[in-house]
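Take a look at the structures below.
The two complexes that follow have subunit A in common; it is paired with subunit B in the first and with subunit C in the second.
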Partner chain A sequence: MGSRGGIRRERAAGSIVSQRTQARLKRIAVYVTALLVSVFVTVPVYVMVAIAIQAPSDVFAGGQVHLLPDGVTLRNFVVLVTETSSVRYFTNSLIVTASSTLLSTALAVAAGYGLTRFDFRGKTLAARAVLFSYMFSPIVLAIPLYVIFFTLGFLNSYFALTLALTAISAPFCIWLMWQYFQTVPIALEESAWVRGASRWRTVRDVVLPVARPGYISAAIFAFAVAWNDFTMARVVMSRDEMYTITVGASLFLDRVSIGWGETMAVSLLIAIPPFCIALFLQQYLLQGFSVGGLE
Partner chain B sequence: MSTVRGVDLPFGRFDERRLVLLLCFLPLGVFFAVVWLVPVLYALGMSLFDEPTGGAQFVGPGNYIDLLTAGEFGYFLWNSVLYAGSTTALSLLVGLSLALVVNQRIRGGNVLRTMMIFPYLLPTLVVIFMWRFLLDPNVGFVNQLLENWGLIAEPIAFFSTTGLAMAAVVVTSVWKFGSFAFFILLARLQAIDPDLYERARVEGASTWQAFRDITLPNLRGAILIILLVRGIWMFNKFDIIYLATGGGPLSATTTLPIWVYELAFDSIDFGGATALAGIMFFLLAATAIVYFHAFQPEREVAT
Partner chain C sequence: MATPIHLEDVRKEFSTLGETHLAVDDLSLDVPAGSFATLVGPSGCGKTTTLRMLAGLEIPTAGRIRFGETDVTDLPPQERNAAMVFQSIALYPHMTVRDNIGYGLKVQGVPESERNERIDDAAGTLQITDQLAKMPGELSGGQQQRVALGSALVQDPDILLLDEPMSDLDAQLKAELRVEIQHLHAELDTTVVYVTHDQTEAMTMSDQVVLLREGRLAQADPPQTLFDRPASEYVARFIGTPSTNVLSCAVERGETEATIATGEFELSVPADALPSSIDESVRLGIRPQYLHPGGGEHRFEVTVEVVEPLGTESVIHGRTGDGTRVDVVTSETAGVAPNETVTVGFDREHAFVFDREGETVLFGAELATGDAREPYDRTESQSRSTL
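Our next item is the complex of A and B:
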C-alpha cells in the first residue's frame, strides 16, 4: 500500500483497477489472511504451553498473566502425577484406544476387501448404511448402549468402551478401506492365483502390502476418534479408576487443589499423540480428507 | 466392475473362497448387529415405554407427545439449528479464505497446512480448556486485552453470560472444526487447471471475475457437501458444548444432544431420552434421504 496506485489507471477490461494493482492488493489480502488465521490458530496452543511449563505463582504474579516464560519447570507435571490419578487415566485411555484402533482397522480391512472382491446385491444399501452410521450422533447411540451394557453388567469395563468407541470409528474406516481397495487392481491378485498361490497367501503377501497406506489412514482415524472421545467414556465409565484421561481431566477444574497450571499440563500431555500425527503422518491424514472427510 | 472375476476363475478352491467370504463379512455383520442395529431398535422400542428401566409401562407415542408439546422443545431445537448453522457457515468462511491463501503457493504455505491439522486432531477437552482459559473473566487473555485497549470496563465471563455463551461456544467450535472445510476445499482448488486462470488473466479478467467464474463453480459441489455434512455433524455435537457450558447458563446453549444427556442422566428419564434420540434419528434419516438423493455418495464405492 502507500503507493499512488489508485490514481494511475491502466484500464484493464472488466475492471477500473490495473492488473498490477490488483495483483498487489491480492498479495496483501493473502498475507493478511494468512497472518490472522495463524494468530487465531497458534495463540491458544501457545498459551497452553506457556502456562503448562511455568509455576502458577510465576504465571499469575501481579494481576496480569505472564505469557513469556522466564524458565521452565516440571512442577505442574509433578503435581499431576503425585496428587491426581492421571497416570491411571492415561493407562485406561491407552488400553481402550489401542484395542479399538486395532478392532476398527481390522474390521475395515476385512470389509473393504470383501466388499470390493465379491459381488452381491444391495451394495448401494450397504454403502448408504455405512454413511448413515457415520453421520450418527454418538450421544444418540450412547444412550441405548448404556442401557444394554447396564443390563448385561458391562459398565466400567474396557470391553464395553472398546466396543462403543469402535462403533463410532468403524463406519468411516470401512468407507475409507472400501474406497482404497477399489484402487488396488484385482489383476495383482489374479496373477498370484495363476502362479498357484492360495487365496490366503495372496491376501497376506499381495493385498495387505499394497493396501498399507489405506489402513494406516484408517488406523490414524480410529486412533484420533478414540483418543478424542469424551462422550462414550463419560457414559460407559462411572467409576473413578476406570476413567479415561479426557473424562478424568474434565473434572479437574472443579477441584480446589487443581488450578490452571495442572490443567494446561495435562492438556499438553493429551496433545502429544495428535501433535506427532500432525508432524509425521500428515500425508495419511490428508488422504482421509480426500475421500470425503473425517468427522 | 472389480468384482465378478473371482467367481469364474478356475482356482478350484471353492471352500477357501467361502472361508475368505466368511472372514470378511461375519465379523462385520456381528459387529454392526451388536453395536448399531440392536441398540437403535432397542432404543426405539424403549421410547414407547414409561420408565423402561424400572416398572416399564407401555405408553405408545406418549413420550414423543410429551417432548414435542414441552415448551422447551422449540427453544432447544432452535439452539441446535442456530449452533449448527453458525458454526458451519463460519467454518466454511474460515476454511475457504485460508484454502484460497494456501493455494496461492505462498511462502510458508506448507507450515500453515500442518498448523491447520493440529486443532482438528486436538481432543475436544483440550480445546475447551484453552478457550475457557482465554475467555476466563479473572485470568483470561482476551479480557485482559480488551481491558487494556479500553474496550470494556468490566471483565466478561463469556461462557456464563446468557447472551454471549452461544457465541463463545461457536467461536470455540469453529476453531476446532474449521480445518475440515479447509482441507476439502484446498484439495478441490488444487485440482483446478491453472491454464484457466492464465487465459483469464491474458484476456484481462479481474481477480474477482476469475474467482467468480472459475473458482466458485469448481467449488460448488464441495461447498454444498460441507454445508450438509458439517451441518449434520454440528447439529449432533454433544461433547464440545457439554464441556464448555454444560448447556447453561439457564439452558442458553442447550441443544437437542445436550437435552438427551440431561434427560437420561440428570432426570433418569430413559423413556424421554430414548424418545428424543428417536426424534433425532428421524431428523437425521430425513436429511440423509435428501443427501443420498441429491449427491448419491454411494456411487463412489458401489458402482
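Our next item is the complex of A and C:
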C-alpha cells in the first residue's frame, strides 16, 4: 500500500485525500464542534432564562420542570429587590469592578509602555515574574492578602477588594499590553518628537490612540476577572452589606425563603453586563488578543 | 532657512550586555547650507545612526554636531528645526492624511486656518490634494511616501533628514520619486541629508556623496568625483554597477619604469608614479564599462559564465585564468556564450591602482594626461570618459 501510494501521483497538497474531501471534512468538524459548544452553553442559559421569567409555581407545576414558558412574569425580580440585598450587592460589584478595571488597565498601559520603550536592568526578569505570577490560582493569593489586609485594617473595604482583584488581573493585562506595545512602531513616536511633540504629548496623541485595541482588550479581561470573582470577595468582605453579587447570590441557595426562581433571576442579572460587553466590544477583543498570540 | 551641518569627530557606541559596539567612529563632515548630501554604505556602516544623531534621536558618545553656529549635540529632537522621513514611513494610522501632515504644525501651535493653507500647499506640490480626507491605510505605498514627505516639508525645516525613504517601493516608483525629491530640493530652502544603501539613489540625487565603511568615512565627494577618482578599492567597488573588477598584479621596479603585470598583460608606469611603499604587488581596478571585448591597450582572457542582456547593453560575468571574477559591460555580444573564452582589454587611463591596504595610489587618468611616455590617442580617451 505504501509503495503504491508512493508511485501514484500525489494529489494537491501532497495528500492522497483530494482537496475537496479535505475541505468537506474540515467543514463537518467545524459544525460538530460548534454544535457541541452551543449545546453545552446555550441549553444552561436557556434553562436559566426560562426559570427566571416564570413564577415558581408555574415552573414546578405538575411535578416536572416546565421549560416552555406560557407567560412572562417579573415576580422573581421583584422578590430579589424587595426581600434581598441584591441591589446593594450589585452596587458593590459595580464599584469594585469599575475601580479594579481602571486600575489594572492603567497599570498595564504604564508597564507595557515602560517595558517596551525603556531599557533597564532586570527588565526581562521583571517581565517573566509578571507572567509567572499569573500562573497562581487566586486562592493562593487570597490567604496572604487576607493577612495583609487584616494587619492594615483594610478588611471590608472597596479599596482592599479592588487591590485584590487587580492583583489577579494585572499580570495578564500587563503581559498583553507589553506584547501590544511591541507592535506599535517606535518610529511613530520618534516622528512626533522630531516634529516638536513632548513625550507626554506623544503618548496622548499617538501612543494611546494606536494602542486602543490593546488596552480595550486588557480592560475587558480585567472586567471579566473582577465581575466574576468569588474567591477574593468571599475572603476580603465579611459583612453582608459589603458582599458582591456573586457572593450574595451564592448565599441565596442557603435561604429557605429564596427559591430556584429568584436564584435564576439573579444569575440572569449577573450575566447581563458581560453579555453587553462581549456584544459591543468583541471586535476590539479579537484585535487585541490576536496580537498577544491568542487568536 | 537652510543651515549648514558640521560634524566634528562624532563617535557613537552602543553597549548591550556589557559588549560595546562602535557604530560611528570619529566621523567629521561638513554639509554646506542648502546642499543635498547622501550617506551611503552597506548595512551596519553607521549611516542611519549618523542620521539619528542629526535628528537628536541618538546622543553621540563623543564629538560635536553643529547646525550653523548652534551646537545641537545635546539638544532633544523637539528643539532642532529638523524634519525627518522614516524608513517605515511612520504615518499615524488613526489620523487623516490632512491631520498627519499638519501634526507638527498643530504641536507648534500654528492656527488652524494657516495650518490648512500650508497643508494644501504641500499637498498640491506633492499631488496628493485628493487624498487629504483619507486615512493612511487607504493609500498606496507611493502615496504614503508622498504624505510622509509632505509632513516633513510643511514644517519648513532648516534640515530635512530622509532615512531610506524608498527602500520599500518598487523600481518604477523609486525612479519617479527620485525626480520628485530633486524637484523639492530645488524648490525648498533646506539642507537635505539622505540615507540609502542604494548607490544609484546616491549617485543620481546628491551634491555630495558620503560613503561610510564600518562607521568610518571612506570618501565624501561629488558623485562624479567618487566615480572617477575613488579613494580606495572599497569606494571603487561600492560605487558603480556592476562592481569594479579588481585584479592582483605583480610589480617589477626598474630604473625609470615600473611594470605592473599579470601573466597576460604588462602596464608600464613611471617609477616615481608608484609610491615607494609599494613593493611586490598591487591590485588593479577597472570598471566593467571600460573593458572591451577584442579592444583596449592591455588585454587578458576571460572565461564567460553568464551573459545578462540589459537591452542596449549586456553584462558578461566571467572569470580570469586564476579564478578572479570579472564583469564586462558591452554592446558587442556576438559570439559570446557561456564557457567560451573572450579576450577583453582596457586602456591605461581607466585603471586604478590600489596598494595592499586598498588605498588608491595611482589613477590611470593621471598617467594619460601627465607624463605621456607612449604614443597615445588622446581624443579617443576623452570621448570615452564622457560616456
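Here is the rule we go by: the second predicted complex is superposed on the first by the 249 of 295 C-alpha atoms of A that agree within 3 Å, B and C clash if a C-alpha of one lies under 4 Å from a C-alpha of the other, contacts with A are read in each partner's own complex, and residues count from 1 in each chain.
Here, a contact is a pair of C-beta atoms (placed from the backbone, for glycine too) under 8 Å apart; a residue touches a chain by one contact, two chains touch by 3 or more.
In this text, all values refer to a predicted model and were calculated from it rather than measured experimentally.
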(request) Kindly classify A:98 by the partners it touches after superposition: subunit B alone (first), subunit C alone (second), both, or neither? (result) neither
(message) For A:152 in the superposed arrangement: first (subunit B), second (subunit C), both or neither?
(response) neither
(request) Using the touch criterion from the header, give the chain among subunit B and subunit C with more contacted residues in subunit A. (result) B
(message) Quick check on the superposed pair: does A:201 touch subunit B, subunit C, both, or neither? Answer first, second, both or neither.
(response) second
(message) With both complexes superposed on chain A, which partner does A:39 reach: first (subunit B), second (subunit C), both or neither?
(response) neither
(message) After the superposition on A, what does A:209 contact: first (subunit B), second (subunit C), both or neither?
(response) second
(request) Considering only the touch criterion stated at the top, classify A:61 as touching first (subunit B), second (subunit C), both, or neither. (result) neither
(message) Taking the superposition on A as described, I'd like to know which of subunit B and subunit C A:193 touches: first, second, both or neither.
(response) both
(message) Just to be sure I follow: which residues of subunit A are touched by subunit B in one complex and then by subunit C in the other one?
(response) 190, 193, 198
(request) Show which residues of subunit A lie in contact with subunit B when the two form their complex. (result) 12-15, 17, 19, 22-23, 25-26, 30-31, 33-34, 37-38, 40-45, 47-48, 51, 60, 64-65, 67, 106-107, 110-111, 113-119, 123-124, 126-129, 131-133, 135-141, 143-148, 150, 163-164, 166-167, 170, 174-175, 178-179, 182, 186, 190, 193, 198-200, 203, 224, 227-231, 235, 246, 249-250, 253, 260, 263-264, 267, 270-271, 274-275, 277-279, 282, 285-286, 289-295
(message) Using the touch definition from the top, list the residues of subunit B that touch subunit A in their complex.
(response) 2-7, 9, 11, 13, 16-17, 19-21, 23-25, 27-28, 31-32, 34-36, 38-40, 42-43, 46, 52-53, 94, 97-98, 100-102, 104, 106, 108, 112-127, 129-134, 139-141, 144, 175, 180, 183-184, 187, 201, 203-209, 225, 229, 232-233, 236-239, 242-243, 257, 260-261, 264-265, 270, 273-274, 277, 280-281, 284-285, 287-288, 292, 297-298, 300-302
(request) Provide the residue numbers of subunit C that touch subunit A in the complex, in ascending order. (result) 55-57, 76-78, 80, 82-84, 86-88, 90, 92-94, 103-104, 107-108, 151, 155
(message) Which residues of subunit A touch subunit C once you look at their complex with the stated criterion?
(response) 185, 187-188, 190-198, 201, 205-206, 209-210, 212
